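To keep things simple, chains are lettered A, B, C, D, E and F as they appear, and every chain counts its residues starting from 1.
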Amino acid sequence: MPQYDLSAAELAAYRGSVTEPTGLAAFWEETLQASRARARAPRVEPVDARLPLVEVSDVTLSGYDGEPVRAWYRRPAGVGGDLPLVIRYQGYTGGRGLPHQVPHWTLAGYATLDVDSRGQGSGGGWVGDTPDPHGHGPSYLGGFMTRGLEDPARHYYRRLLTDAVLAVDAGVALPGVDRDRVVVAGVSQGGGIALAVSGLHDGLAGVLADVPFLCDMPRGVAIASAGPYLEVAAFLASHRDAADRAFATLAHFDAAVLGRRATAPALMSVALMDTVCPPSTVHAARNTYGGPSELVVYPWNDHEGGQFHQEAAQLEWLAKLLGGPTPGRG
Amino acid sequence: MPQYDLSAAELAAYRGSVTEPTGLAAFWEETLQASRARARAPRVEPVDARLPLVEVSDVTLSGYDGEPVRAWYRRPAGVGGDLPLVIRYQGYTGGRGLPHQVPHWTLAGYATLDVDSRGQGSGGGWVGDTPDPHGHGPSYLGGFMTRGLEDPARHYYRRLLTDAVLAVDAGVALPGVDRDRVVVAGVSQGGGIALAVSGLHDGLAGVLADVPFLCDMPRGVAIASAGPYLEVAAFLASHRDAADRAFATLAHFDAAVLGRRATAPALMSVALMDTVCPPSTVHAARNTYGGPSELVVYPWNDHEGGQFHQEAAQLEWLAKLLGGPTPGRG
Amino acid sequence: MPQYDLSAAELAAYRGSVTEPTGLAAFWEETLQASRARARAPRVEPVDARLPLVEVSDVTLSGYDGEPVRAWYRRPAGVGGDLPLVIRYQGYTGGRGLPHQVPHWTLAGYATLDVDSRGQGSGGGWVGDTPDPHGHGPSYLGGFMTRGLEDPARHYYRRLLTDAVLAVDAGVALPGVDRDRVVVAGVSQGGGIALAVSGLHDGLAGVLADVPFLCDMPRGVAIASAGPYLEVAAFLASHRDAADRAFATLAHFDAAVLGRRATAPALMSVALMDTVCPPSTVHAARNTYGGPSELVVYPWNDHEGGQFHQEAAQLEWLAKLLGGPTPGRG
Amino acid sequence: MPQYDLSAAELAAYRGSVTEPTGLAAFWEETLQASRARARAPRVEPVDARLPLVEVSDVTLSGYDGEPVRAWYRRPAGVGGDLPLVIRYQGYTGGRGLPHQVPHWTLAGYATLDVDSRGQGSGGGWVGDTPDPHGHGPSYLGGFMTRGLEDPARHYYRRLLTDAVLAVDAGVALPGVDRDRVVVAGVSQGGGIALAVSGLHDGLAGVLADVPFLCDMPRGVAIASAGPYLEVAAFLASHRDAADRAFATLAHFDAAVLGRRATAPALMSVALMDTVCPPSTVHAARNTYGGPSELVVYPWNDHEGGQFHQEAAQLEWLAKLLGGPTPGRG
Amino acid sequence: MPQYDLSAAELAAYRGSVTEPTGLAAFWEETLQASRARARAPRVEPVDARLPLVEVSDVTLSGYDGEPVRAWYRRPAGVGGDLPLVIRYQGYTGGRGLPHQVPHWTLAGYATLDVDSRGQGSGGGWVGDTPDPHGHGPSYLGGFMTRGLEDPARHYYRRLLTDAVLAVDAGVALPGVDRDRVVVAGVSQGGGIALAVSGLHDGLAGVLADVPFLCDMPRGVAIASAGPYLEVAAFLASHRDAADRAFATLAHFDAAVLGRRATAPALMSVALMDTVCPPSTVHAARNTYGGPSELVVYPWNDHEGGQFHQEAAQLEWLAKLLGGPTPGRG
Amino acid sequence: MPQYDLSAAELAAYRGSVTEPTGLAAFWEETLQASRARARAPRVEPVDARLPLVEVSDVTLSGYDGEPVRAWYRRPAGVGGDLPLVIRYQGYTGGRGLPHQVPHWTLAGYATLDVDSRGQGSGGGWVGDTPDPHGHGPSYLGGFMTRGLEDPARHYYRRLLTDAVLAVDAGVALPGVDRDRVVVAGVSQGGGIALAVSGLHDGLAGVLADVPFLCDMPRGVAIASAGPYLEVAAFLASHRDAADRAFATLAHFDAAVLGRRATAPALMSVALMDTVCPPSTVHAARNTYGGPSELVVYPWNDHEGGQFHQEAAQLEWLAKLLGGPTPGRG
């Protein structure tokens, strides 16, 4: 796929097509308050992942409406004290994986929390364990984008983003976490979630958002040629009178809208041949982001984006941001 | 796609790969009994479809666990008395459509009932109006095959087939229906549902099942190269240890198993280049079907099967079966 | 396929790339006069379609050069008097279908005439019964677009459009037709034909043209990525010196040229992701159309366009236009 | 595409699925006699191809029903006397090409005649100049395979094969041809025509048939996954009741049937990954061929077959067969 | 892609199509001896991967003809003593990656050595740093499979497998390695290399070969529908007279031949929908393997095979085999 | 593929994106001088191609660093004296072919020299016989484009273009060549080589460059959607930090840079639907070409370009340029 989107100059100026919906702040305030009211302390159970270098725990945290969400909490084995924490959200259709699927940040000495996406967890071998009780267990190609398009209150991403915000609450409360050094992170859907969370949760130390999904969604639906934006286009192709309401709903979860409220520093990345998350949609998120940000541009990549090179860049950026993975006050 | 499946001689003898699960009868008896216990009389509201020739009513019937299921009830305008009724179930992802999407059977003088598939209703322009409250409203490519694969009690098709059986209950109770002349019908998923219903509901007058889905599912998953069987393959490709349980679950909804209990005469069709519902899976259903049956073979078609030619064959077959659409005892 | 064509503002202003060929009026006047001179009254033979609600007759009308063209004439059963008539032309490769393939307009109480496309009639299950008794020069894969590109007098669409115009003559002459309320209609090729006929036949009451083909053909050939415009591109890819003559020929049949002569009100539709009939080509036809017109825009559809939703829109528009399907002077 | 057809042992034994139709001999005798009765001597006009090494003439010969067929007659420049003649028929959609598209046989010293395929002549840059002045009934996307499937007397290949047989008559009559050393040749469709001609014309010296089309057509239609056999499958997919008649028609032109009458030695070739002309269909032709034959097998090729390597093999085989291109009695 | 290869019973019995070439033992003895004669001790240079948990060293070892081959040597940080070593070979086109791309075995406490594939190292983001300083004859699209097909002595895999065997020599010599507990491992090409090395190097403790490439290559070339076997088919499609020599060359590197000489226990895996490494080719390797072996079958996977699930199975299998990653004599 | 690149007006003005690298002249002067210093007289051996009309000789000429390069030298049989010579370079992956694959220029009376591309020679049936005895660093799927991207001195095209320039030296020295009438020619890669040679070798009489590759490479890599430019994009997608160096390397071989130094008249061609060599890249070469030039535009072609029509145009253009193929001083 060639470089098909706006020119470099246009990308640098592009701020997206979505206006903040009326009542957005109240919508989220009420949503989060209600779910937090039902939250319990996370349950943490050690598991044997056959990995002497890493301690892995199976966490059950409270998500939307108090419903359980599964996550893996990992720490360098034998390291005491409070560590910085990197919370990772998953790509579309993926789950938290198996216990031994350790992210690079753990090896770099950080504590990490890999959070399931409810109802997802069957894609690309990244299995999950969290049902969406407003429906069903993990399902493939689940059409999550189109569940509840008729009403923000019932849309799937209201539940998923609430899970994600409350995962930060839970992460801060985990034993051995330095609450002043919590970073949210993710690739694609995970990157979009991280950006959204950055606008919905105070006190974050940083944001890592790679080729993020969920940004400037109307444009994504109009010009993406692969990936889950096409689910919305396909839905609207049948439900021809539903577009206004659908986009009004999605605006409540648009990471290029929610991210305007963020203040934490962010490291983002974009790929100029990305057919799944078009470059302009990512630039819209970056150009309107509320906090300081850096953007790494990969001109020759499709949606795989920076991959291992971006991981290396993150390790360097985090070291500067957090002063290294050395334990804190613990 | 060429003719890729078994030879003609092998197809004639093939009886499928699925053994009836232990406790199948009890499973369905309890399921249906529980939902029937919560059923209410169907609500019937006339709508203006701008069609002087056809009376259209919006029906809300009680499905699984008493939950509402939407359907269109159509009759030739101005025709009194009790008419034979053809109940149609929908293809995968499709819904009951708009009021003016009238099936050929209505034009042939029969009453018809077009039943929504819960949670589906966004595919190919066939919109639906029935949510699956064990989850969500209509969603595209919703991965219905894989919702609840871990347990027959929680699988999506338990709810959908219960809806389908109770749609017969409701259909019989509609005003102007000759209860001795009720036929179930459908194409693809709809055909699979009709076959399954034929084994779960007594007293049916006939079954029309075209290129039916849901038959001999393990083989379908192993050799289909397009369509929803691939959802199961994709799910198992990630959940590598879930295959036994998944197929044990699906066996409860396999139309080539449930159809063994049927007694009503059936007209089926199969396409020998069908990549979605492989010819062998349809032959398995036909070769083990409990009642008398005819099979129309389309050697040169993919999953579109007999299409309009099969419709014409149905009108002829129904006329013989039912003695024409003349009103009965009404 | 994303939204790939001109922007909304550009579409609103775009008037196409084709200049009316010199002598166009004379070309058509002579063509139609010659064929009308050989026309005979349509032959109308009732057929049994097994549809008590609809009377179906097999019509043989006189087309180009007096050659027979087949059509289905359908009326609500038992309705006397003169009815409005909707004449439908078929999509590319399709024919008039089987007797029971009843359009929605018939159910809405209108008389309808479904006209075959000569030589076509094998696509998508829509069979036809009308040969094209004329040979042709070299053509790429035999597509109808390329038969006779060397000369307007010998091009396939000269014959097909003449058939279409004379089908109006025949329709007006059918028993039970209100000649003041005749509407021409079609989807894709059928829509292009309807637009062309609107410029070639006086006295029409209305035009229904959905995602019309045959409009602003040079642009269609340059930017379509699917469908029959590609036949012309493929032909010119071999016959590299034939482009000027080919487009000069096609200009005689361009619905965005012929429609400039129309006066009847038109309801059109366009899909912004249409890869077969690019949105700009449809806008060219609409923006230069001679009569009053409305355009329904489907932003998220490919060539399926508005489908059932557009059918519903048509029933409403026709009711306003024609005062309902009530019989007239009959 | 992998090796997908029968095993090597099965191929060696396979003799096809087509029985010679009743009256085949009479059908062709009458057909050829009628057209020969209307034949005139070929018209031969030198053209300037800017090729000092080759004399090129534009030939117009009498084909089916006396209709003109165009061909290029080429000879080594300045060579007198009667030369052996290789007559080439064209691949599907191709024509005789431009004057300078000289076959390898001409360079090898033979006279050659490149015969147009009526109505074709636009594919792959091989342009043609011969119209097919005959109309046809409904055909899928206008493919030549489906023109006249309803009746052998009206099928396209009756005309095309008659052209091909009469091209031998004309070739023999050309100035400077050694009538005892005439070879027919072709690739794909051209190879099928050559085989058919070998059974319809006496006195041929040899046959070159590479990856021939038109052999054992019912099997070709059932298992080919690319190319023109798919046109028949697509036609039958709509015209579901036309299969018996269609295959009865095609049997009159099946090169694996007509070739049984041949006596001239043949050099054939087959590719084991050929998706257009399946290996079994070619083996059926070879295994039932009436004369002596050699078969070159290309295990790793799709429909491109032996290409330049087969050309080299032909030059060697022809040299043995004909004693070299030395002039004869001229 | 459906399950397309042999049936389960046939797979269980299938032993492949390749006979051991004459002189195979001598070929490898001489090859290895010559390169070992030019080998030097590996150079080991620590690198900063920003990973406190893992020590990473950049190793330069002596491969074919003494040429340098790069590898990453990784150990759990701060763990003294001699550890078991897992040597990983890379998938087709991949390289050793970046320093922080740590395999799961390292986290499980084993020392690991990730060996570059010369000339490869650009695929899927797995970059490499090892050139192949040897030229080659004509090759199709430059694929490694076709470099030197004309002669085993010059084929690319002679050099690559020599590198792989000498990587074991080097691995054994690394500081902190328990030479009695060395395992070779890999996926796809890496799995094929591991199997080949198991037949070429004594004293290995175990072999991990997932969906291995390079097994029973003639069958792979005949039936694979994706991946690098197609490079050979494409080469032979042009070089039509080169097949015998090509397969004679490849037989020297066939893992289903070399593995017959192995004695170490092996854990293998196969996917029944694998289009790149057909299931029969893997079974051929397993069914003829010289040592004890287990085979994990993934019925619903394409070439991704067992992925993370297979990793987990490996950790368990290795723990049994090696008695855990506890340091040995060090 | 539609017309996707710049508009006609933009194409007419577009001059490309590549600046001449510093030291380009010295780079090539040294390169050519070094190789010429090692050159020997070409070896010419007659072969029997079984073509009485054409004399074919197998030439071995000295290429890069004195390494042997194979070519076919062809002349009209029996024609004495010095003839104009057309030197043809090959398309990507192709070789010089078999002896009997005679270009049209030979038939037109010119002497021709068909030069192998080292290491290539397996694509599309055009086999080659010239190895590339040089190794390379990591390259994606082994494509020639990516061999040595790290350094102009080691890049594949340094060797290939040197071969091409020295082939002119050799051609001039062949017996029977009129050294004042030497033309370089080629299609795609061959056209790019011809343009590059036109800037690197004095005294050429003309250049024929059809749909040339290797022009304005950064843009080609950014917008091509098929063909070998994608190899560079794929390489850079893994080697994310290599882009600057890669394009700096490629600039030394960019035909739109080297062609600026040319003085010979050129006939070029471009196809406006070309997905392999985008129209803008070809226009960049033409618009900056140093000598007089004509450009034939094919609006409806993909990368096949003008094909036989362009061949005919070349014969006419050459006749004017060279005064016909009549022998010169010989």
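Here is the rule we use: contacts are C-beta pairs under 8 Å (C-beta built on N, C-alpha and C of every residue); 3 or more make two chains touch, one makes a residue touch a chain.
It should be emphasised that the depicted structure is a prediction, and the values quoted were computed from it without experimental measurement.
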Between chain B and chain D, the fewest steps along chains that touch one another: 1
Separation of chain F from chain C in steps, with touching chains one step apart: 1
Recurring contact interface, reference B-D, options C-D, A-B or D-E [over half identical by residue number]: D-E
Of A-F and B-C, pair with higher C-beta contact tally: B-C
Most distant chain from chain A, judged by the mean position of its C-alpha atoms: D
Farthest-lying chain, centroid of Cα atoms versus that of chain B: F
Chain D and chain F: spacing of chain centres that average the CA atoms, whole Å: 37
Distance between chain centroids, defined by C-alpha means - chain B, chain E (Å): 50
Centroid distance [mean C-alpha coordinates] between chain F and chain B, Å: 63
Multi-partner residues of chain A (each touching 2 or more other chains): 125-127, 237, 304, 309
Complete list of chain pairs which touch one another: A-B, A-C, A-E, A-F, B-C, B-D, B-E, C-D, C-F, D-E, D-F, E-F
Parts of chain D lying in touch with chain B, wherever the complex brings them together: 221-225, 233, 236-237, 240-241, 243
Residue ranges of chain B in contact with chain A within the complex: 122-127, 132, 134-144, 146-150, 154, 156, 231, 234-235, 237-239
Chain C-facing residues of chain F, complex: 1-3, 273, 298-302, 304, 306, 309
Interfacial residue positions of chain C with respect to chain B in the complex: 50-54, 76, 97-98, 100-102, 104, 106-109, 125-127, 304, 307-309, 311-312, 315-316, 319, 325
